[in-house]
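Shared between the two complexes below is subunit A, which pairs with subunit B and subunit C, respectively.
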Partner chain A sequence: MSNKWFITLYLLPALLLVGILIFIPLVLTGYYGLMRWDGIGAMEFIGLTNYINVMQDGMFWQSAGHSGLLAVFSTLSLAIYLAVSMILASKIKGSDLLRKIYLLPMLLSSVAIAQLWIKIYNPSNGMLNEILAWFGVQNPPLWLADPNIVLYSIFIPILWQYAGFYILIYYAALKNIPESIIEAAKIDGASPFQIAYRIKLPLIMGVVKVTIVLAIVGSLKYFDLIYVMTGGGPNGASEVMASYMYKLAFGTNNFGYGSAVGFMLLIITLIVTVIIRKVTADKEELQY
Partner chain B sequence: MLKRKAVTSMCALVAGALIVTGCSDAADGGNNGGAENNNNAGNNANGGSGESATVEFMHLWPQGSSAQHHRIVNEIIEDFEAENENITIDLSVLSNEQYKDQITILSSSNELPDVGMTWAAGYLDPFVDGNMFAPLDDMLEDGLRDEFVAGTLEAYEKDGQSYGLPLELNTVYVYYNKAIFEEHGLEAPETYDELENVINVLNENNVEPIALGNRDSWTGSMWYMYFADRIGGSDVLTNAINRSGSFEDPALVEAAAKVQEMVQNDSFVSGFNGLADEEAKSMFMNEQSAMYMIATWDLPNYTTNEDVPQEFRDNVGYFKFPTVDGDGDTDSFVGGPGVGLFVAENSDVKDEAKQFAAYFVEQWGSRAVTDAGVIPATVVDGDALDLPDMYVDVLQDLNDATNLTLYADVQMSASVAQTHLDSIQALFGLDMTPEEFGAKHEEALSEEE
Partner chain C sequence: MGRIGYFLLYLSLGFVAVFQIFPIVWLFLFSLKDNREIFAGSPFALPSEIRWENYLRVWEGGIGTYFWNSIWITGVSILFTLLFASMAVFVITRMKWKLSKLVLGLFMVGLMIPIHSALIPLFSMFLSVNLINNPLAIVITYTAYNLPITMMILLGFYYTIPREIEEAAIIDGASLHRLFFRILLPISAPVLSTTAIINMIYNWNEFVFVNTFISSDRYKTLTVGINNFVGQYMTDWGAIGATLVISVLPIIIAFIFFSNKVVEGISSSAVKG
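Coming up: the complex of A and B.
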């Protein structure tokens, strides 16, 4: 038997799984988007009406804007994660313990994290406002009730939740840089900042690019924490694309329109991914 | 190096475990009851009589969160199976939100359980239009109709046919903490002016007046509905929803304005738009706020629930929503039947399913009120049962009620209800004027026509 047959044979189970679980539902979602369907009765083909409506739907673009904002925040926060991992990777005392502490939130489920932060943000009994009151703040912010700040309030737990994941990736990448390069730089008189910025960062640039894609794509389809903490409220102030899709499909029984929104979410994410890949594409990858 | 490897593989393991438990949770949701009753099904097969039938039944009272409901259901099922040896009940249990999602998914693939639970009015419509639920009039004609409190069955009717058998009947009251009221020399208000006074006194004494969890905006909707009822009479809101009236009716705009007046007077706890109903409830139960509006499904917390301190339970009283500027009838209530039973139209065992549904409704009433503190939608002889005073009062109020307005979000179709609930949040958050609030509803309702 030829080698190719074996390759096909071994790839087949995975291919089938991915096809059944991912690609077929994707196509189906796009197809449902062409229907007027309440999820229960018969479907009615209405062409591109749903997609045209999505294009003109203020609520959708508002939620898309929130998702975009989230993506920007997540990307910026990568810098914080990177800085922390650089400190952890240099041989400071207790870095092992700290790394485990940073990793903890990653082991919690999103719902548990959401519940935890709901308690922290509670306007009258919450930890945060109690501390603020302690410092004499008269009217502490209503973290999850104020439409102007609710998105930022939710961003903090997200930042905290993903810290462990990205720090772990960066840490592993940084540890892979051969010690001899750093030693050489030191002998040449490079300051720690120069070493970090001019030597370590370029050497792990490949990893950084991957994390940027991960962070942006992850933010665009973000759902769980927001769903539990605010349900997209108050009055849509923290609605993101995925929560809006869920609300349409399961909240208003409008599965056709919800599917159209879901498909738009996919298209937007795809476009953004392609753009990032283009922008961050390098002529040459650095090698050790 | 080895150590690092150990740490990473640990992480991978834990992450893997999380994924696995995540999945099994979901699977659990679907198969929960299936597993529970596999042995039942097995018994049935062993029994081997030719005419045996299995009726699938799905409800939304898991053991964890609704222990008493869960137990009563199991008892009724046991009794039913003992009386009807050829019928086996195959039970699935899901929690409320999961249940709603699951029913939607099952109905899209035409696999509804033979008997399950539904909500009234707007929720029911798509299922009836999609021919999913069986009309139940034939079974009601055998005398079952008289078992229900007048007006409850109607909420499950469409085009003159009944599609659901209501189990609960809830009315909305304002509960208050007598101890806090006494401390500040206050009495339960009977007019809106008195209520305003109560709120002002409480605010002056740094007590949060009213607990409200408007993240679940149906709670705010109840305040708005009562204002609408007192200002415009019992029909104005219902008419606006069924399009014989309008949400731009001056009475409804006035009701929305009253809501904002209350918000501006600091009547509600701070940050209410970010609080869930559960959080608001816990503020009231921890005596951090003086009042709390909720339906009678919460009565056990103020009467029989042993987990709540006796002292607190003794301190809770309730009052009917006050009259506003001399208008309104305090015997007109916001409320309505909660869940009801449906029988699936395409059930293979429709007769047995109907038999079980009827049996369940008959058994549920008195057991539910005594054991679980549920005010049932079937007529119960309150005097014959040993009930706490508050129940006796509530059952009496139900007898004297002149009107019951079904919750607005239940009356509306799902998508209008979503607009209503979002607008309620905006109205309470002062992001929307009463006029805009009315216009927004008109827009959503006219899109449906």
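Coming up: the complex of A and C.
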């Protein structure tokens, strides 16, 4: 067998699967967006009508806004994760065990997490209100039923789920900093805060940028947790782009319009990825 | 730093640990109680009588089927993903050909795309070839969507394999198939096990594909199954708790035994920035 055939043979399974099940559907989404279609019957070509409607769809932009807000929360929470990692990496006994405890929620399915947190937020027997009662809180809010706070209530389990993941990444980066640099700074009389802010942070900036990309792009794709916890409600107050698309297609059989929303989700994700890569691109990589 | 300083540091780390682990402990506690105790007693009290019957009840009520579906679908998908990813990475990294960089780039683009954008066309494709409500649709979808990340983790390893190993094998007259199956696949076992763990977590926890492509209870996996189940047991907290614990237990057991592999896998899957 010639090398050419060998290469084709070994590449083909992976290439076919990724091509047929990932790339072709992405193109088709854009194409279906040009159709009026209930998912079963015949398609009717209607040009850019769906896309024009998406642009003027208040519900879509509201969902996109919620996705954006979650992206902002996720990015801000990176600061907390970073602070915890700094402490964890500073000669703490048991840091190995602690890191693993922190990671535990990350291993659970979003569905299990959503179901668990529905119980935690339960108005009559939930863990949260019981704890608040100890502190004398008489009328806790309806965590998942109040449109003004539902998005915050949903963000807490997201924070809980991903904490261990980001702490793990930061910890590994911090442990990579040579001890000699830290020792030299100590001899020069730098305080622990100065060392953290002026020396450690700049040295792991590359990793921090990667996590910013992960946090933002990840937020734009949130679905499972929100779909199970609130279904986008109450009254659309926690709807995000993916859940809106899902509802249109598989809830109301609006496959053409749903595809247009799905294609917008793709385009927005790609544009945001490119922009934050550009913004966070390394002008000069720090060396040590 | 003084003693008080260290005390405060440990205190804050301990607080985060409690925040991370306590909801899971609480879940386990109420999975062993009955409704009377859950609604009347303190939510943090140990169960007065441990009620394993909650587990028996939900297992026999249908969770058992979902559980086995999750096991075999997760397992079969992992095998296909690891085999196909290894084959592709082998020819991309160890052989010289013109389009290798382009093909690699194509696979890596697959890391960035939001799966929900592909959902409607996938659904209509499976519908047209009669694969809706067929577990095969789930297996091939899991395999495809895990290929890019699996290949990315394998790449680093394959690049570090010394040329001498292959040259020696070729001189000894081994065919390329033999080289791959008898030499490269075995020596990549450590990194393969890391990717297997990552695949296991993804597949076991996946929700939207099964929720969209599978409608019959016979083929549902745990994530979708428990979601329906919980609706059905609405007010029976003990049953809901037991259901959730059963669904997360295999992953937690795997974590206890292979925690270093899990940590390694999760860190290497993150660097896809």
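One rule holds in what follows: the second predicted complex is superposed on the first by the 270 of 288 C-alpha atoms of A that agree within 3 Å, B and C clash if a C-alpha of one lies under 4 Å from a C-alpha of the other, contacts with A are read in each partner's own complex, and residues count from 1 in each chain.
One rule holds in what follows: a residue touches a chain if its C-beta (ideal position, glycine included) is under 8 Å from a C-beta of that chain, and two chains touch if they have at least 3 such contacts.
From a predicted model like this one, the values you see are computed outputs, not experimental measurements.
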{"item": "Fit-or-clash call for subunit B and subunit C when the two complexes are aligned on subunit A", "value": "clash"}
{"item": "Contacts of A:65 with subunit B and subunit C, given as first, second, both or neither", "value": "neither"}
{"item": "Which of subunit B and subunit C A:250 touches, first, second, both or neither", "value": "both"}
{"item": "Touched partner set for A:270, first subunit B, second subunit C, both or neither", "value": "second"}
{"item": "Partner chain in contact with A:262 - subunit B first, subunit C second, else both or neither", "value": "second"}
{"item": "Touching partner for A:142 - first (subunit B), second (subunit C), both, neither", "value": "first"}
{"item": "Partner chain(s) touched by A:175 [first = subunit B, second = subunit C, both, neither]", "value": "first"}
{"item": "Partner chain(s) touched by A:107 [first = subunit B, second = subunit C, both, neither]", "value": "both"}
{"item": "Greater subunit A contact set [subunit C / subunit B]", "value": "C"}
{"item": "Set of subunit A residues, in rising order, touched by both subunit B and subunit C", "value": "39, 99-100, 103, 106-107, 109, 124-125, 168, 172, 250, 255"}
{"item": "Residues on subunit B engaged by subunit A in the complex (per definition of touch)", "value": "4, 7-8, 11, 14-15, 18, 22, 100-101, 104-105, 107-108, 126-127, 129-132, 208, 214-215, 217, 269-276, 279, 283, 288, 414-415, 417-418, 422-423, 425-426, 429, 431-432"}
{"item": "Touch list for subunit A against partner subunit C, complex", "value": "1, 3-4, 6-7, 10-11, 13-15, 17-18, 20-26, 28-29, 32, 39, 84, 87-88, 90, 92, 98-112, 115-117, 119-120, 124-127, 130, 160, 163-165, 168-169, 172, 192, 209-211, 213-214, 217, 220-221, 223-224, 227-228, 241-242, 245-246, 249-250, 255, 258-259, 262-263, 265-266, 269-270, 273"}
{"item": "Subunit B contact footprint on subunit A (complex, rising order)", "value": "38-42, 99-100, 103, 106-107, 109, 118, 121-125, 142-147, 150, 168, 172, 175, 230-231, 233-236, 247, 250-255"}
{"item": "Of subunit C, residues touching subunit A in the complex", "value": "1, 9-10, 12-13, 16-17, 19-21, 23-24, 26-27, 30, 38-39, 42-44, 83-85, 87-88, 90-92, 95, 97, 103, 106-107, 110, 112-125, 140-141, 143-145, 147-148, 151, 176, 180, 201, 204-208, 212, 222-224, 226-227, 230, 237, 240-241, 244, 247-248, 251-252, 255, 259, 262-263, 266-267, 270-271, 273"}
